[in-house]
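Note that chain A is present in both complexes that follow, paired respectively with chain B and with chain C.
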Partner chain A sequence: MNPWLRLILYLVAAPVAGGLLAGWDRRVSARMQSRRGPPILQPFYDVLKLWQKQNLAVCPSQNYYVLFFLLLVIFTGALFFAGSDLLLVIFALTTASIFFVLGAYKASSPFSFIGAERELIQMMAYEPMVLLTAIGMYMATKTFYVHEIAGHGGMLVLALPGVFLGFVFMLEIKFRKSPFDLSSSHHAHQELVRGITTEFSGRALAMIEVAHWYESVFLLGWVWLFFASSPVLGVVMALVVYGFVVLVDNVFARLKWQTALASAWAVTAVLGFGNIIVLSLQR
Partner chain B sequence: MRSLKKSPWILHYDASSCNGCDIETLACLTPIFDVERLGIINIGDPKQADIFLVTGAVNEQSKVVIRNLYRQLPEPKVVVAVGACAASGGIFRECYNISGGVDIVVPVDVYVPGCAARPEAIIDGVVKGLAVMEEKQTILAAAHGSIDKTLYARAEKPDAASIHALRKVAGQMEAVLHGDDTFPILQQSLEELQQEFDRKFFFKAVLNGKIIGSISGCLNGEVVHVDGLAVHPYFQNTGVAGRLLGELEEGFRGVKRFETFVGHKNERLIQQLAKLGWQNFKTEVFTPKITWIYLRKERT
Partner chain C sequence: MTFVLTLVLVPFLAGLVLLCLRADWLRRWVVITVTAAVCAWSIALACQPAPMDLGDLPVSRHGLNLGMMIVEALMGLYILWVGLRARHFLIVALMLAQGAVMVWFEGLAGADVNAGHALFVDKFSIIMALINGLVGGGICLYALGYMREYHTEAHRDVPDRRPLFFALLFVFMGAMFGLVFADDLPWLFFFWEITTLCSFLLIGYTQTAEARKNALRALVMNLAGGLTFALAIVCFYRDTHSLGLQAMIHSGHAVALLPAALLCFAGITKAAQCPFSSWLLGAMVAPTPVSALLHSSTMVKAGVYLILRLAPVITGTTVGMMVASVGGVTFLIGSLAAITTPEAKRVLAWSTVANLGLVVLCGGIGTSQAVWAGVLLIIFHAVAKCLLFLCVGVVEHKLHSRNIEDMSGLVLYMPRVAVMMLIGMAGMSLAPFGMLISKWAVLRAVVDACPLLSVFIVFGSAATLFFWVKWMGKLVEVVRPQTRVIHEISLDESVALYGLSVVTFLACLFFPLLSTQLVEPYVAGVYGRSGSLGQGNIIIMVIMMMLVMLFPFSFLSRGRGVKLVDPYLGGANVQGSSRFTGSGGAVENMTLQNYYMGSVLNEAWLSRVAVAGGVGLLAVMIVFAIL
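What follows is the complex of A and B.
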């Protein structure tokens, strides 16, 4: 497919797909707790409502940071789906997260401060695994370009089983799901109120939600890349991984940040690094 | 506008309840009632909530908290008082520490009866609140559309109470901006304001029968000292302040010189005044966090 076509498709379809995924997540979570749950379209209602609310900002500039967070998340996914360099994609993703953290630091609330600090810790936890995933894909395919990795022919997950499992572990952190929902929980009344999003309301919060939709589609696209030689299986596996993340969210309680960081790095070292060592020995 | 009714997020606050109503409120989240199927979420953050649900009677300590939380909810918002105590003080009404129902502190839109209120009744109350919220949204939208229908007129003593309330709201914004609660406009009592009416001229901006802006001026010799410029936060940046200043200048015909002072962090107002021909002539430190910028305007 033409990269421009893919790009436009991503820009238009990703928020719809991401919103539906979020709605499906809430519905399935409710069913797991033997509740009926909200309609699948609930996340769209929420965002539309937030868009109509009065804009309250402790500091007007905090909303600009959120705007750049949204734009950079969209940019990250755009690079990915246009078939660009994986390393560039990772740097764009990190920059986006940093803008989010800066926005939370801007408001002088202790809750958003601690949320921002924990978000930085979470970034520290998942960042090595993300880099190792890119490196693993390079070692298996000899390219960093997404479109060449996708057209590589072989099933990447067979060469990179450890990296794949490590990546799924990292997704738990990136989606801010239990046991790694340290910086901001999807459910309120926790010890940090709403953590990193405490001081955002109205349109800023709506933009954060939309950014999350784009982000989920981009991350699931990366899961698909592991199964790119069989596109249909790739889509199925992306959905299976998402379902697994939701299941884990409902089963586990929150970890302390020390445990979260240590376990993430342990997984990175054993599964990610181990896999890469095996790959380099095979050559 | 329909989405407003489909995703009400609730902030639950226990004023001094016996916990009966609190337990029933939380029961609404359980599988039997599951309010999330209506899109209702119990959110802990006032800035993201739409509905302020209060249980229990109000005492001296919870008064401040309720007022604070109410201010932090973005418009359009609805207050639901759950249970007999929240409505009137209930059986605790005569207690030495109880001031009464929630409506003595903030305006209440829906009262849910019961001791304790049943979960079905609470859900009913919230759904009723949604209709109120939609109505508020319509009024807000209409008010923004009809800002050019604002009336500007001299204010008299009977307006003092409304102007006092308006100054408190606008003063809050100033206090937040400067990080200092000792803003003079916040310290003034209603009696002091009423006395000011004897020596100052007051002007008001009225929209739909409500005062949304006010200003006062006092002639001292050759100079008019202007102070007390307050515009309701909803209507800031809509030209109300400029019109009020214009009305004031009209009111003091023949006077050549006007003087006023503004907190140094209110850069928006300082810029706006500069555009209207006001010039900075001195600064004065008021408190460590507030520096007054003195501005004056000469009329030719």
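What follows is the complex of A and C.
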């Protein structure tokens, strides 16, 4: 497919797919907790309603950080689906997250502050594994370009089983799901309040939601890349992984940040780096 | 020829003149004139074609060598005296050993030392000269305002020895020019030793007990490097009967591995890599311009310059791998250690150590890609780090604290300095800008050459992210009501600060130009092919850069259509955002403090690991070089 076509398809379809995934997540989670749950389209209703609300802020400039977070997340996904360099994609994603964190610092309430701080710890926890995933894919395919990795031919997950497991572990952190929902809890009645998003409301909160939709699609796209030689299996596996993340979310309680960081780095070192060692011995 | 010689000699002469000047205004004019001249001269040099044919020296080489030898002997005697007076016998022993090696060398070489080119100019020396001229010049200007305030307001107890201070700054700068242009190894060594001595004197400037102790530590570590440098000269001369740095680079690792390894050792001491990083941390006791000078344009850059120069010799050998590992370990440990401390200058120091580790890693790997990335790292690190140091210096004078926690909300009460600091930090850590581009290139180079080393980079860069962003967050947050500081910066300081901000900004913006005009020609000249990131990627990066640079413009519509409310504090807010009525009915203060991860990371423990790891790696390196 033409990269421009893919790009446009991503820009239009990703928020729809991401919103549906979020709705499905809420529905499935509700069923796991013996509740009925909201309709599948609820996330869209939420965002539309948020968009019409009054614009409240603690600090006049805090919402610009969120705007640039959204723009950069879209940019990141666009790079990925246009087939660009994986490392560049990762750096763009990091910059996007930095804007989000700075916005929460700017809002300066203790809850958004602790959320920002913990979001940074989460970034620190998952960043090594994300980079190692890109490196592992490079070692298996000799290219960093997403479109060349996708067209590589072999089933990447067979060469990178450790990296794949590490990546799934990292997704748990990246989606801010339990046991790694350190920076922002889904429910405002907890000790964190809403953590990093506490002081955002109205349009800013809507933009954060939309950014998360784009982000989910991009991350699941990356899961798909492990199975790219069989596209249908890839889509199935991406959905299975998402389901797994939702399941884990409902099964575990929140960890302390020390445990979260240590376990993420341990998984990265053992599964991720171990896989890299094996690959470099095979060369 | 005269071009280059002027650049080396003018700062030395200026140093001598400044040593004799007592009047403040006279000193100011000399500093401004010489700085302007040096900046203009180094830019003019950058416009020359390179590598440049320098021809013969206008003066007798023999006489020059004799003069250098005398100066070197005097410096040696002075260091011996320092060592004896402080009863620091390691200094005495190292200095005596170094003297013995040099005497042995004179006996070995005799009159032969006058052969070959003494000076050499290529794109790499031009890049280093530009950094030294522009960044170093900026520091000298800044020092004018800073030192006046230092002695009249902030530190009245410290004896005012400004003539010596400024003289040393310029001698340091001149030595650095000499160092990057020298091809003759004994000449290079001469300038190398001058930087060692100057840094010793500058670190000990305040003459407090702590300053003296740290100055001696810097001296002893750099003398160890000096000793291996002298040994390298002798080894190389004994095997090949030549003394040129270029000759060494072209002779390949079959012949030049041992001397190159010894020179890399010297470079590692000077660049404050593990296990020698403690001297650079200790150097923080000196006034801020000294820290900026040591960290950005001179001293540590001399170390990485030498290692990157020697990259073609050590690439693909075990020695190269050990050098790369030292760099990798240093990067990881430096980045982790920077998380643990709230002291701004210490964070900057650890980050310097870490970033230089990345450059050393590039040098050790030594492929064309890696060297390309290494040179870019040197450039971006120099400008951004210098800017950050100078900003911290200003803040320290106004707040009387260098603690990052005290900088909370700096954007509101010192907006100009805070914005410049944010520019510096963005240059150091944000994605489409300088350092991140280089880090990306390093990662690619490492994965091609030795994927296992990438483990240091991936964990290290996650840690760098943490400490930079939490510092940026402190600057932008808005908590305490503060009155705006009226007189933020003096004239000299602001020229330096604005200048450096603009240079940082332009370097990031025009990095493709920087790469094609300066870095790629050098790499292509050495390796026959150049490393780069590919046209498509650079275009994407420029697009992303534009996107991020649009951010400040969003502030133009600041506060429009937004209703301001108080933040949620978990109680009833009392007068704004920092106090609230708690559940007991009492009014509580709200404070925000960053994480320093004291429960999982410990600076002292990390330093010990760094020393142990560094010693082990260097021992393996020397053993493999000898075998």
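In the analysis below, the second predicted complex is superposed on the first by the 283 of 283 C-alpha atoms of A that agree within 3 Å, B and C clash if a C-alpha of one lies under 4 Å from a C-alpha of the other, contacts with A are read in each partner's own complex, and residues count from 1 in each chain.
Simple rule for what comes next: a contact is a pair of C-beta atoms (placed from the backbone, for glycine too) under 8 Å apart; a residue touches a chain by one contact, two chains touch by 3 or more.
These figures come from a predicted structure and were not determined experimentally.
Student: Which of the two partners, first being chain B and second being chain C, lies in contact with A:Ala140: first, second, both, or neither?
Tutor: In the superposed model, A:Ala140 contacts neither chain B nor chain C.
Student: Applying the touch criterion given at the start, work out whether A:Val157 contacts chain B, chain C, both or neither, answering first, second, both or neither.
Tutor: neither
Student: Using the superposition on chain A described above, determine whether A:Pro110 touches chain B (first), chain C (second), both, or neither.
Tutor: The answer is second: A:Pro110 touches chain C but not chain B.
Student: Once the structures are superposed on A, label A:Lys49 by its partner contacts, choosing first (chain B), second (chain C), both or neither.
Tutor: A:Lys49 sits against chain B, while chain C stays out of touch.
Student: Determine, for the superposed model, which of the two partners chain B and chain C contacts more residues of chain A.
Tutor: Greater contact footprint in residues on chain A: C.
Student: For A:Arg35, is the partner it touches chain B (first), chain C (second), both, or none of the two (neither)?
Tutor: First partner only.
Student: Let me test your reading of the model: by the given contact rule, A:Leu261 touches which partner, first (chain B), second (chain C), both or neither?
Tutor: Second partner only.
Student: Would you sort A:Ala238 into first (chain B), second (chain C), both or neither based on which partner it touches?
Tutor: neither
Student: Just chain B (first), just chain C (second), both, or neither: which does A:Leu205 touch?
Tutor: Only chain B; A:Leu205 stays clear of chain C.
Student: What is the contact status of A:Thr94 with respect to chain B (first) and chain C (second): first, second, both, or neither?
Tutor: second
Student: List the residues of chain A that touch chain B in one complex and chain C in the other.
Tutor: Touching chain B and chain C on chain A: residues 54-56, 58, 193, 198-199.
Student: Write out the stretch or stretches of chain A touching chain C in their complex.
Tutor: It comes out as residues 54-61, 63-64, 67-68, 71-72, 75, 79, 84-85, 87-88, 91-92, 94-95, 98-99, 101-102, 105-113, 116-117, 120-121, 123-125, 127-128, 131-132, 135, 138-139, 144, 193, 198-199, 258, 261-262, 265, 268-269, 273, 276-277, 279-280.
Student: Can you check the complex and tell me which residues of chain C touch chain A?
Tutor: Interface residues on chain C, with respect to chain A: 430-432, 436, 440, 443-444, 447, 451-452, 454-455, 457-459, 461-463, 465-466, 469-470, 472-474, 476-479, 534, 536-537, 540-541, 544, 547-548, 551, 554-555, 558-559, 561-570, 577, 590, 592, 594-595, 599-600.
Student: Would you pull the chain B residues touching chain A in the complex into a rising list?
Tutor: 1, 3-4, 6-7, 30-31, 34, 36-39, 41-45, 47-48, 50, 72, 74-76, 137, 176, 234
Student: Quick one: which bits of chain A touch chain B in the complex? Just the residue numbers, please.
Tutor: Contact set of chain A toward chain B: 26, 30, 33-39, 42, 44-46, 48-50, 52-56, 58, 188-190, 193-194, 197-202, 205.
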